[in-house]
Amino acid sequence: MILGKVVGTVWATRKDEKLQSMKFLIVRHVDFDYKLKDNFLVAVDSVGAGAGEIVLVAQGSSARLTELTHQKPIDSVIMAIVDKLDIESDWNKD
Amino acid sequence: MILGKVVGTVWATRKDEKLQSMKFLIVRHVDFDYKLKDNFLVAVDSVGAGAGEIVLVAQGSSARLTELTHQKPIDSVIMAIVDKLDIESDWNKD
Amino acid sequence: MILGKVVGTVWATRKDEKLQSMKFLIVRHVDFDYKLKDNFLVAVDSVGAGAGEIVLVAQGSSARLTELTHQKPIDSVIMAIVDKLDIESDWNKD
Amino acid sequence: MILGKVVGTVWATRKDEKLQSMKFLIVRHVDFDYKLKDNFLVAVDSVGAGAGEIVLVAQGSSARLTELTHQKPIDSVIMAIVDKLDIESDWNKD
Amino acid sequence: MILGKVVGTVWATRKDEKLQSMKFLIVRHVDFDYKLKDNFLVAVDSVGAGAGEIVLVAQGSSARLTELTHQKPIDSVIMAIVDKLDIESDWNKD
């Protein structure tokens, strides 16, 4: 999964009929210290994530394995909201 | 999903027989402000997207989950046309 | 799908038994103007593509959805030969 | 599979209900000499990996093929802990 | 598929139980002239590839479609050993 931060919402009225009522959020990749990176993706929210929250995004066919996204034409889902990271500083260095 | 802009069409008469009548569009990646990036992909249109429109593209096996693309040998589908983005400027900064 | 140009052939006599009689082609990524990029991949040909032709390549599980590649251990297939691209120059700029 | 090093843990109480009791680890990519690279991912641990260990991570639908991760909305799993690498120095050069 | 060169072996005694007896090889990406690139991956060998050999690697769910890797939690498999490449020099230039 990738670690990201919710920074916005996508509004799309014309879409596949199986996607009604889904919330599409803009997630920017972040580093360990939650610093924003340049790249981002759009993911369906399955856990009630809000702007500013750090989340995990599952991609590919796995994105369809939440109750909300089953059999839907989407490839990215937010499946967890991160409380905190424990970085083992002894190991996170060369 | 990736955020992109439709900038053209691909014409291909010799193709897998399951792909007849599909429309292949050229989608360039864009940033939050719809600024074009260098990379692009070719996606099947399932929602009637036109040139200049901002769209969402689903990739991988998920691209086959629209009615049009079911069981077809394609890996990218336009499944939504974007009306607008709401960027939370408080969060979209370091 | 990615847009590419066929630039060569891979010869491999020792391979998975399900891959007999398949043709493996070397496809370099190209830009809108068919200019060659540095990256390339090896794809199975399912449409009779020849050297120098511009093609579309489907990747992942979708590569197995042609008659030829069904259930085979391959992840890239040429499923269309491109006749031409129509780039909408009004939209393909910032 | 990618080669990585476990450098931390992700805590997430709000997540898809199928993900209870799973351990999410932060894995940084490493080179042959276990030197840390910049990129990282979050993977479910299925083999009891601990901080500082070198591991293999399987991604995509394959990540769901351990007993623990079956049918779960996750796209990366640690499925092996590396004891050592044998690099053939004669071949690992130009 | 990607084109690579086998440069080493991964030893891992603690791994998913479905992975016993599999051989994990280190494969570095190569260019047309077999020049080594920086990136590499770890792949299961299904065709008896040895150090120094040029191989094709299939990734994603397709990696599970050899007899050896069926239903296993692995995402990359060597499914062919390359004898030679025929590059069409007329086409492999701008």
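Each chain carries a letter (A, B, C, D and E) given by its place in the written order, and its residues are counted from 1.
Throughout what follows, contacts are C-beta pairs under 8 Å (C-beta built on N, C-alpha and C of every residue); 3 or more make two chains touch, one makes a residue touch a chain.
Just so it is clear, the structure is predicted and the values come from calculations on it, not from any experiment.
Participant: Figure out the least number of contact steps between chain A and chain E, where 1 means they touch directly.
Facilitator: 2
Participant: Measuring centre to centre with CA averages, how many angstrom lie between chain A and chain D?
Facilitator: Once rounded, the distance between the two centres reads 19 Å.
Participant: Taking the mean of the CA coordinates per chain, how far is chain B from chain D in Å?
Facilitator: That gives a centre separation of 31 Å.
Participant: If I count partner chains per residue in chain E, which residues reach a count of at least 2?
Facilitator: Where chain E meets two or more other chains at a single residue, that happens at 59-61, 63-64.
Participant: Which category does the touching pattern between chains fall into here: line, ring, star, complete, or other?
Facilitator: If you draw each chain as a dot and join those that touch, you get a single closed ring.
Participant: So that chain B leads and chain C is second, what is the order of every chain round the ring?
Facilitator: One full turn from chain B through chain C gives B, C, E, D, A.
Participant: Contact residues on chain A for chain D in the complex?
Facilitator: Going by the criterion above, the answer is residues 1-3, 32, 46-48, 56, 58-66, 69, 77, 79-88, 90-94.
Participant: Per the contact definition, I'd like the list of chain C residues that touch chain E in the complex.
Facilitator: 5-16, 18-19, 24, 26, 28, 35-36, 40-43, 51-52, 59-61, 63-64, 71-76
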